[in-house]
């Protein structure tokens, strides 16, 4: 398993957010993005997930030497600032929907809904509408979404925002378990996340306009 | 007598709507009762669960 | 004695828990009586003589007219409850007008459909834009609007206050609507419309009509109390669920 | 995909869903027409099919702006975009769910409004049939508008403005087929078949356009 990003750069409107970012990740590795607000961490993650088109550069993902994924988004989970859960539906309905919709990528199987909820230690609230949960519980439940459908790559943007210390440790543990199973993690975070085999990338950001680049 | 169709239809429709409202009210009440029972069951589990979660965290 | 009973009843009603207990005791009796009245009403409706002019279609009147009465009475109940919500901020009043809205819509629908089925043999058309029919139709739309408003909002007490305002504005507006529709109608169709309730009501028709009206009214109150009970339960469940969510997070 | 269909249907019918509001809007719009033109039954029965069609058209556009926006607001849209299965299919399913929950009830309610408009039984049947085959096209065209306006904060009104001109062909052939059914010289089948063709055409073009718009709306 190999994830390769070469010479990525991205614009937002007219502004160049970042340029010439390259990195390589292998099985079980994690990339932690740091940097101040507005330095382009979220933008890079969205580019990696295929939600934004990079201005230049390529992203490629190989299952093994022979097999290459069409694009990274298909083999990745993306957990952005928003939880991607419907407040009107119960937690169980939400998770069951994503399990059914996401399916499993090649190379693994997802948890059952109950197991995923148990993994984030919230199986008691499965019957409640998602909107009834507190912000921290909602975040944990949206993390359970990463467990129900298997994806080798997790792209997580500030996963531990709005969480207390114990919940933070819980999510860090789940991410480490994912790494142990051979998964790759890309995370943007302010908090020190204890992951295994970490590569760090500090995003500097650009102060000047896009025109200066050429 | 030729109007029998209209009479029976209107009684039929009335019966249908009335029964629908009654059924909806009763079923709604039953669903609420079930949810309350569910919550009660969850409550019992809530009381018994602390040792389990503690065990997990340790 | 009756006075003290009334006062006790009122204070009983003021408390949702007492209301639930009272409803539990009262409902079987009301439902039973309601069934009896309906049986009697239907028996009378089908055994009395038909009108010489309208033939047997007069039997439609026995279900149509009470439904039309109720459609208005239900709105009055809702308007009273709306005042209760806005002036006394009473939680039971919130529940009351929310529970009454679908019932009102159902009775209005019955009135509309049976009116239409009565009109077809009488006028040769399913619907005329007659003042009375039109007003009832507008009332139906108002009921549906209130239901939609109630469904659209999450916070029940806020929804109750907002829909109370709508109910009261509608209540004030009903006579204006009735008047303007009347005016509009006579402007366009001078005197060509056959009025509903054409037959002069004599005792022969009055008896089944009254029995049916009583049966309908009792049905309304039975359903209303049941629906109120359901609504109170629904709110308690919502509160308990929030509580459950909070407790769950405390434990972890 | 079935899961997506069921989820969207559930969301439409749960509290706060738009299914009831659309049908209420339809009723209200059609019901106020007689107050404007007068209660002349002959006139009403003449303009009835057109009024019912226009009412259904406006009501069908009502909930459309939320088609993708609701998913965008909570972040679900990102996940829908990332998947391996073709986005066009996802959008087709979402359109189908929207049609089932919001537009099909309008089709079912249309005979009732036909009665209010004093239309003949044949005319009522024709309007219902043309609405049934024509209204999916409205959902598919609307999906493009909804996708274009998905990132806009006040997209609701804009969607209607963008979409209404595009729906004119549907309206033309839907209404002319309905009239052809009651007025003798005009044949019913040609406009009806064109309407079917338009629906099938937009069933392909609509999701494709919407997919393109969503891919480019990335923010």
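Going in written order, the chains are labelled A, B, C and D, and every chain counts its residues from 1.
Convention: contacts are C-beta pairs under 8 Å (C-beta built on N, C-alpha and C of every residue); 3 or more make two chains touch, one makes a residue touch a chain.
Just so it is clear, the model here is predicted, and its values are computed rather than measured.
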item: Which of C-D and B-C has more C-beta pairs touching across its chains; value: B-C
item: Whole-Å separation of chain centres (CA-atom averages), chain B against chain D; value: 32
item: Cα-centroid distance, chain B relative to chain C, in whole angstrom; value: 22
item: Rounded Å distance between chain A and chain B, as computed from the means of their C-alpha atoms; value: 40
item: Residue numbers of chain D (touch at least two other chains); value: 15-17
item: In chain B, residues with contacts to at least two other chains; value: 42, 46, 49, 53, 57
item: Where chain A touches two or more other chains at once, by residue number; value: 121, 124, 166
item: Every chain pair in contact, whichever chains are involved; value: A-B, A-C, A-D, B-C, C-D
item: Residue ranges of chain D touching chain C (in the complex, touch as defined); value: 15-17, 20-21, 24, 27-28, 31, 34-35, 38-41, 44, 115-116, 118
item: Partner chain A, residues of chain D touching it in the complex; value: 1-4, 6-7, 10-11, 14-17, 73-76, 78-79, 81-84, 218-219
item: Touching residues (chain side chain B, partner chain C) in the complex; value: 1-4, 6-7, 9-11, 13-14, 17-18, 20-22, 24-26, 28-29, 32-33, 35-36, 39, 42-43, 46, 49-50, 53, 57
item: Touching residues (chain side chain C, partner chain D) in the complex; value: 116, 125-130, 134, 137-138, 141, 144-145, 147-148, 151-154, 184-185, 188-189
item: Residues of chain A touching chain B in the complex; value: 121, 124, 127, 166
